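Following are the structures in question.
The following pair of complexes shares a single chain, chain A, combined with chain B in the former and chain C in the latter.
Presenting the complex of A and B:
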């Protein structure tokens, strides 16, 4: 028992009567709060969220909700246990005073804490031209309100929907539109859908899926402007290749921005790439010194991962939010020797055009890809990504039952190309090919994983401004 | 050492309680000697092999059967029928299983099993009424009078096989199930011939039925298998044959044991039986715990490696024969607390009783529903049931393990 927390009883006091504040009352915030209570935290717990709703689940918003199979206000997250919290909903946190251990709120209030968890997530990147973005019929999709609005617009039977950006969310929206029988155009600046996240080889399969399902897919083009009619409704979009598409619903799906502005000037290491933290979820301050009372979890966090060369990963993955929240909550209530690292292997799922897509590891780190099982042509396969002779990630299309195996291989830093035979190995799975990720300096809609920096002990660590 | 232990496991003398032997086996998670099989006995190792794409179910990939006590026998699906999807790898396995699933489960037939509930309930009541009608409550054989006829009738109805023909294929099914049984002392040629004949006869019988259904389809699964034309196209006649043979045999030989093992366990744990009597919903967790505690399929003896692979520090060479000891994994104290305790209140019970991975039990939803209904009804209707022999006489089979008879008595049968 070396930790001060145990020696002087401060940890026991924290558990008994401490004040814990969570900013960001969504998936990561809720799961962390539940874990804290589970671990016997009996003090006061304040949940601050700028949305007026209780924590809800976002993945259905681009899937079941758009299909009309689920109602947006019925996506509340199931509660694992009562958390007995003081809920401050509909009020944003606007500032942080690290010295005074105080969070300032938009309504002028302030809340003091002994431990703070920041889980403010990301928001949809808006259309760069605010006036065009404000046209009626132009949507982004991040919140429950967004989901409900977009679903209503789709139910009204627009003549054509334009989706700008073919990342996971954009592709899921396009898929939902087709399932509803709506005409849809997808515009993607990269060469194919999902290229940022999964590379060109898989992107080509995704492109086929769009086209076969009747999506008017335009790649290698940018939407340059949106045009409204006199009543302020969107009616058309102009493309960089000179073409025009008429659409009465436009969904801007250009990736996300981290909700860190409220921390500017606070001295916390928060920027456009998120909030850097150590593997134990403790936030860094701007000097690169780790704090001991401020923790981060979920989409807003950026943390080093031992398995991936200590690269700082920002993940916009549901599973990451849950796992990281759990680790943060555990560490917030533990003496230093008992803290755990967040060593979750990144994993993501999506479902579009009736195909179940899952990945583990960090595909964008991969330089090569090998179809290890199944076939691209059948759109039922497992593919492995290689990086400097090792297996770094895998993706499956309608074949997710093999994924745990690849996850184990990644954890064991298995070699690439995999030296073994597998069931369902086809001729195309004998030679690796370039994974074909776009040049990271040329933006696509934005990959769901960004990598930057190396070891937390690396003195050259700098914040790179967002692109 | 392993061989000796394997022989003991196979030895009929240990059939009633193989669990101490499994415990011995688990001391070495991967054990092997001579040219026998590699025997995997611990939970996590079995679980990961079941999800490992380097493991094949296709006997073609076996290098040599060597001294494998099961390997002596010719493939029981031998020359008469092509292998069923149980013994195939993807992509063929996936295609056939997908096609078989179309008329059976979600997404295309999400209600099929659920919709059979009333019918199953009727069968259960009928069989229990039948026992009451005999008036002989001082000696009931729960296997012959209940646990066997119930699932057999169900699988026949599901497939659309006339129940009257049951006596004929009962014999074939028994022979085929027995062929799975490792009997090191039997004359392999004799054994093999009987199996082949049974397969042949069963195949011809089913071929006749499939032919009829092609001409005049009903809404049974045989018709649907014979006439399906989903995205994967139609099954060939041979594929439809081996698939329906698989379903018929599996329907005969596994649920019987689940129900019998279940009733035996409940009679040994009267407090749980009483709880089930008071609360039929308890059948759900009880059946799950049974699948862990007394799984009807004790081991999977027919997998092989496609590459050299390392498991728990042992390198298993390519083409080796694997035995995955499911029932042993289910009692691994590293995975389940106090594993030898039958505890229907157990949380987190991801057992291996129905396998796992791509070959996990196809009929699982049906088997679960059958066992839940059967056990809750038996608990409700039998008054003061008791075991007449403990342990009861077991079937020879070490793979599909269960009592051959389960003699019980009771004081009365409630309506």
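Presenting the complex of A and C:
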């Protein structure tokens, strides 16, 4: 089918001489821009980014860069093609006038658009006490500058590193520290690392990994305050159990916040949970009416997924940014009958303590878990998550070649527990056990996946700092 | 020479680490580490690694020069010249 567009030819005009503005010059923004040019968009393309750098890749920052195997300023993303864009880097977008179709910039400029793509992503959640967070030696890890600064601090050989929060990023940082031979303490408010993303059964395995690799892991505690020395450098942290840990590098790893503040008052349906959009990436306004000319993609988007009961999912996943950007770009240049839904099955990976962790589906939706292959004790296994008799997610530890199989099963809404009984030995038995996710009404660290909507699995994981 | 590996696709076959060991390395049994900005001297090794990856997970930057010899598969007639079309 050709995308011949609308009867009045406005689509052809848009493709020929329209103005498209992309706010957010990272993975999603770049991939969307490439797709638009591939689809024949010949008009003007403006890329707006608040960081002074061209789009770069973030996963290496918590792995290769922290290990000292790569440098942070060598993480620029490869291009699939030239995009011939007008780059506005180092300038944040500060406002949106939907009626005038205009994006306002921090330097007083304004850029008009016919189609707007918002891909402003998330930023690291800062330490709640600004004064303590400003102490020298206190880091977050999200941007290229963060990665470079933390790498330098680790290379300087601190006596002890404290990582606050044991989600994926915090765990990867702890792993890199141990590999560099540094003493590291990890403070986690939940009962185990990764518990918000993968549940308590897998969290217990993660806790073993930390401890066996020499991490001083403290669970069920919060850091109540950070203490500096007279020169303004961090020297200790005080815990809710009354203990104190001395550390000269502290990494705050408490999840992320969505970059939507610049849209407040614009009339777009944007808030702390992201920007609501339809399955075709078109943003909703505050009245719940879908816009025609504003699209969203990547970490900042919150879109309904047909495979998961039309729940609105916000996914901070690398693959989601790529796939959603591609769908958004396609739809921005298509007539309504040619548009397609974003149906990417959530998937992510992590690498820590030499173990490759990968997942498909939506684990936090699962209520039960079954080790389907391998064994927890060997730390080489595949585990399936069940929700109301259906396979909803799977995670593998050093067993990733099985993951595409589970992905197909999830896509086909296969039953849970899985009926296949002969694929592998099952030392842990064939009976599912509770997946043991934390009570969603009790806040933990920032989640990898935020679920919302009408389902009983609705989780409000807003972090409330313990005082 | 910029590259990125789609680690959702990567299944740890280690062909890249075998063919371009200065750029790719296995970390543990399955995890892959790579240098996202490889030395130009590694170009041939990296090209071999890209070709050999069983799941085609490595994206290498395509330069203007490369693109001049390519036809964009998805381009719509009348637009989509290599540099993105007329302004």
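We adopt the following convention: the second predicted complex is superposed on the first by the 445 of 467 C-alpha atoms of A that agree within 3 Å, B and C clash if a C-alpha of one lies under 4 Å from a C-alpha of the other, contacts with A are read in each partner's own complex, and residues count from 1 in each chain.
Please note the rule applied: a residue touches a chain if its C-beta (ideal position, glycine included) is under 8 Å from a C-beta of that chain, and two chains touch if they have at least 3 such contacts.
Worth saying up front: this structure is predicted, and the values here are computed from it rather than measured.
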item	value
Partner chain(s) touched by A:13 [first = chain B, second = chain C, both, neither]	neither
First, second, both or neither for A:159, with chain B first and chain C second	neither
Partner chain in contact with A:431 - chain B first, chain C second, else both or neither	neither
Which of chain B and chain C A:401 touches, first, second, both or neither	both
Per-residue contact with chain A, leading partner among chain C and chain B	C
Partner chain(s) touched by A:356 [first = chain B, second = chain C, both, neither]	second
Partner chain in contact with A:82 - chain B first, chain C second, else both or neither	second
First, second, both or neither for A:70, with chain B first and chain C second	second
Partner chain(s) touched by A:211 [first = chain B, second = chain C, both, neither]	neither
Touching both chain B and chain C, residues of chain A	380, 401
Sites on chain A touched by chain C in the complex	3, 15-16, 37-45, 57, 59-60, 63-64, 67, 69-71, 74-85, 318-319, 322, 347-349, 351, 353-356, 358, 380, 398-401
Chain B residues within the chain A interface of the complex	48, 51-56, 89-91, 93-94, 306-309, 357-358
Residue ranges of chain A in contact with chain B within the complex	372-374, 378, 380, 382, 401-402, 404-405, 408, 419-424
Partner chain A, residues of chain C touching it in the complex	2-4, 6-8, 10-12, 25, 27-31, 33-37, 59-62, 64, 67, 72, 74-80, 82-87
